[in-house]
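Presented sequentially are two complexes of chain A, the first with chain B as partner and the second with chain C.
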Partner chain A sequence: MSATSGRQSRREAILLITPGVALLIGGFLFPAFQILAMAFVPATEDAGIWSNFARFFVDGYYLGVTERTLRLSVIITAITVVLGFPIAYIIARSGPRLRLVLLIMTILPLMTSVVIRTFGWVIVLSRGGPLTDILHAAGLVERNFALLYTETGIVLAMVQVLLPFMAITTLGAISAIDTRIEEAARTMGCSFWRSLWHVVLPLSIPGIVSGSLLVFALSISSFVTPSLVGGVRLPVLAWSIYQQATSTLDWHFAAAQSVFLLLLVMAIIIPYLALMRRKNG
Partner chain B sequence: MRIAAYGLSALALTAAMAGTVASTAAAQETLVINSFGGAYEDAHRELVIEPFEEMYDVDLQVVTAYSADMLSQLRAQAGNPQFDVAHFSGGQEVIAAEEGLLEPISRDELEYADELYDFAVEGLDNGVGPVYSVAAVGMLYNTEALETAPASWQDLWNDDYAGHIVLTDISNTYGLLGLLMINQVHGGDLDNIQPGLDAVSELLDRSVIVRSSPEIQQNFAQNDAWIAPYAQDYGHTLREAGLPIDFVQPEEGSPAVFITANVVAGRENTDLAKKFVDFSLRAEAQIGWAEALRYSPTNRTAELPEELAAQVLYGEEAMANLVTFDPQVVNDRRSEWTDMWNRMITQ
Partner chain C sequence: MVNRVPFAARATAVILGAAILFFMLAPLAVVVGASLTAGQFLSFPPQGLSLRWYQAVLSSPAYLSAAWTSLQLAVLVMVAATVIGTPVAIALTRHRLPGSQIVAGLFLSPLILPTIIFGIGILIFFSLYADGPSLTALWLGHTVITLPYVIRTVIAVLEDSDPAVEEAVRTMGANWWQRYWHGILPQCYGGMAAGAFFAFNISFDEAVIALFLRTPELQTLPLKIYAELEFSPDPSVAAVSTVMIAMTVVLIVIIDRLLGLGRVTG
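This part shows the complex of A and B:
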């Protein structure tokens, strides 16, 4: 009797999971493998299967693009950690009503398209924009100064776009910390800042880690914000892939770059996760 | 009795439904076409798409896809095309025709072919569709910032304009044509674009490079831009947006962008698609393009009012003075040039 119902529930589970799995195979895995295969098809007949990858390494250009992509992603991730943690802590420790307001304020930007938010930044960062005016009025920059089309501009805009992901993920970890542990630390004579540093921060590491992985993966593959704010003279990998696919129509090289980007992300994420698992387990 | 009545009404209902289905199927043929979005697509609908739908009682499905995207889509769908008519503005029809993605059109299949300038129908022999509009690349400039209009391509190197120049990336058709024209003015040709690249590299520190039309508008509106080599039609868009912008054709000439309507190969409705292409060539529609977006007509019977004629390149002589670059060579070299360009501009 129980065996029958067990088999039946398994059959139901399979039925339930089928549409999702079918969509994943047809809509994601199949095209992804197609791209993987395309990367190994040589552009000319006498070239080897690695020729598309070799092109990436022949001179400093694409490595320079990769270096910029990686460097910006690391900086963006670091800044979101520094800004995201206090936001998450304040939300976690505030009263229910304030908490709701803060949560909505954090999540609300996600309701607007990233393109719209980026165009907002383009206006703020351009020569006639408010930020430039303030800096100019303070005597810090010349009249012709603009943060638009600079790496600083990309970082500013990307941090704003990605901060909610970090704050929300860290919030999950901080909310799970028993407030009595903090109270215990305080009654033992720990100052607020020391309890934050020695108690709350270590306990919220899992949230910070998953938040920074999320932000890192999103920023290394981001396309809209770097291309609009950074412009053509500061290319990142995702833009380079887009250009090969749509402008020069070199799909094989675009595929090779996509595979390279994927490997890059995995090379960073997998050891990171393994390290965290060992530390926590 | 009652059962019989139900049976009858059910029968009548089925018949009525069958009739409806049959009549829609017979009357409503469908063509899938691309257009370029925004104001272009609005004008396209008004001048060509909607009148055609009415005249032939067909349903036109319009997909917004720019030329490069359109070519990518046609290639991806090579075995099973999803479009009937493909519009291109960047010479992509030449590649598409060479790859067998387009259905050749013969001159006598087009009622309006005889009314067009020769350059507009020359491509038919190579399997590409006719040119139904021309956009010319020249200088857009801010009339409030510049006292005198720029007269030459060389004016871009005027020291007074430093910091106020907007150039367009090679991934944009107008940007590519601007580069080729600069190259020609500096003594280069399609076999050697180094003179053009060298000339542009002198401008890098005093200009910004953008990719798309909206970014040009944004630079004129917010980033204190004064001068940009770009297309005549976009000058009109900027004026409509309230910016003090004029277009001039430099003395060395203007590269031309041909906008073509092409029939996609391997579809069932190619006859109807050809009718649609033909319909795009009417003088009436071409005057409408000039009015709405400042594109030059390719139909020599299209007469523009004087005021309008002053704002676009117009007439037999102006058309003869357009600078064109061999699209085949441009398409073959584009990837190589893009690579050279990217390396030159990247910081």
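This part shows the complex of A and C:
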């Protein structure tokens, strides 16, 4: 690099990056700003620029949808934290071969289409599905028991869809912990469980926090799983946006809801980015 | 270290780990199982074993045309994302650019914007300024969301590689294109290939953007599955899904060989 003059290097860099920047501006930033602009265009002429947003807040239906979306996201995030930490710890501390097998088993669901994963849950949760069979055999439920079209069903499916994100983020934090710290704690007379609680857990908090923010942001904006498992009966924000944009064709209201959803996501993502920056120095 | 982990802890790890992995993999296993049924209806466990639903898929024009659309789209996206993303990654790692941190952040921003919002954005964009949804619109949308993966994987290999190689190539009298072609690009191959496979996989599996841009003629495989699930699913949906799961397994193995899964996942 030292032999190339600074100016030539910069010219090369600009040349290399131009097609990417053009795609980013034309294909991403412009459509995103289009939504923003559309949200402020009133549906009728005598309405004000905030009318699309006002409609959202005045109508109890949409507040109910928002409340459900947020409540489910909190529950889903909490469960992925509880399940994600042990799985990440187990992967981090297994030998190289087992580690690879476990990683593949975590990544396979992640890389499979969310439609297919949800499909699996539709079979599992439906009336007469394997879950009903097992619970019925255990004498816990009636024959016609089903979790499809229930919030419990949505939570189950969403946890499975989002757990890999949590596990992999937490795994990153745990892998970065020097095992000698754990050994030191153990040598000083700490039991295994105490070292897990007092050493490993506190040191992996940054990973758990960023994993939680990621899972929360993904779950408040997720569409496919809630709409197939919850259906029309249990609408979430993303479902409502989709309906307005494709069935009612009310793009202005869909845009306003999108802006509202984006604000919710940003409220979560901005602390996340701040956290990542602090972690990276 | 391992020897001093108490038996109770190891037993808990095995049981808990197995339970969670079972929970993770069960839905996929159920889909594969359901595809093998000999019966008329979607059910798990399957009623008798047969490959008849795979045969049904292979003789269904609707599935075949959706598969063809998805395949075309995924290949186009893979090529575009790799060709556009690789130079971006080279510029960000090998050159000093003003505000390169911000530029790098902007290139990763499609990962942050919820797909549902981006989906409407693309729909409105193409409805206002073009003839509405088209394969081109889908191509553009998928390329934008897969670009960050290519950029990240190529940056990952370039950060590990030795800049002295380029120095050597230049000292030997290479001009600028020889420097890129023989000096820098070969160092990118692993990351480019892994990024390309990610792009292919994401595009092939993506449903939300495709849902906004669907028309009676423009139907991808995940959309066809989605539509079947909304109305009247039969076991052929499970057969198609199983084929897609198998493709994903193959892609994961390839990515692991090229780059190592441990490195991709941090």
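Just so it is clear, the second predicted complex is superposed on the first by the 264 of 281 C-alpha atoms of A that agree within 3 Å, B and C clash if a C-alpha of one lies under 4 Å from a C-alpha of the other, contacts with A are read in each partner's own complex, and residues count from 1 in each chain.
By definition in this document, a residue touches a chain if its C-beta (ideal position, glycine included) is under 8 Å from a C-beta of that chain, and two chains touch if they have at least 3 such contacts.
What you see is a predicted model; the values in this text were computed from it and never measured.
> In the superposition on chain A, see if there is space for chain B and chain C together, and answer fit or clash.
clash
> Between chain B and chain C, whom does A:158 touch in the aligned arrangement: first, second, both, or neither?
Touch status of A:158: no partner.
> Touch check for A:243: first (chain B), second (chain C), both, or neither?
In the superposition, A:243 touches chain B alone.
> Considering only the touch criterion stated at the top, classify A:87 as touching first (chain B), second (chain C), both, or neither.
Second partner only.
> Examine A:129 and indicate which partner it touches, taking first as chain B and second as chain C; both and neither are also allowed.
Touch partners of A:129: chain B and chain C.
> For A:115, decide between first (touching chain B), second (touching chain C), both and neither.
second
> Taking the superposition as given, does A:107 touch the first partner, chain B, the second, chain C, both, or neither?
second
> On the A-aligned overlay, A:147 touches which partner chain: chain B = first, chain C = second, or both, or neither?
Neither partner.
> Applying the document's definition of touching, compare chain B and chain C: which contacts more of chain A?
Counted on chain A, the partner with more touching residues turns out to be C.
> Could you tell me if A:200 is touching chain B, chain C, both of them or neither one (first, second, both, neither)?
Touch partners of A:200: none, neither chain B nor chain C.
> Kindly classify A:171 by the partners it touches after superposition: chain B alone (first), chain C alone (second), both, or neither?
In the superposed model, A:171 contacts chain C only, not chain B.
> Following superposition on the C-alpha atoms of chain A, which segment of chain B from the set 4-12, 22-30 or 76-84 overlaps chain C?
76-84
> So chain A touches chain B in one structure and chain C in the other; where do those two contact lists coincide?
On chain A, the residues that contact chain B in one structure and chain C in the other are 122-123, 128-129, 228, 245-246.
> Residue numbers of chain C touching chain A in their complex, please.
By the definition above, chain C touches chain A via 1-2, 4-6, 9, 13, 16-17, 20-21, 23-31, 34, 42-45, 83-85, 87-88, 90-92, 94-97, 103, 106-107, 109-110, 112-118, 120-125, 128, 140-141, 143-144, 147, 151, 163, 166-167, 170-171, 176, 201, 204-208, 211-212, 222, 225-226, 229-230, 233, 237-238, 241, 244-245, 248-249, 251-252, 256, 261-262, 265-266.
> Spell out the part of chain A that touches chain C in their complex, as residue ranges.
Counting only chain A, the residues touching chain C are 1, 3-4, 6, 9-10, 12-14, 16-17, 19-21, 23-24, 27-28, 30-32, 34-35, 38, 83, 86-87, 89-90, 93, 99-100, 102-109, 111-124, 128-130, 157, 160, 163-164, 168, 171-172, 175, 179, 182-183, 186, 191-193, 217, 221, 223-224, 228, 238, 241-242, 245-246, 251, 254-255, 258, 261-262, 265, 269.
> Hey, which residues of chain A end up touching chain B in the complex?
61, 64-65, 122-123, 126-129, 144, 146, 148-149, 227-228, 231-235, 243, 245-250
> Which positions of chain B touch chain A when the two form their complex?
Residues of chain B touching chain A: 68-69, 71-72, 75, 163, 169, 171, 204, 208-211, 215, 218-219, 222-224, 334-335, 338-339, 342-343, 345-347.
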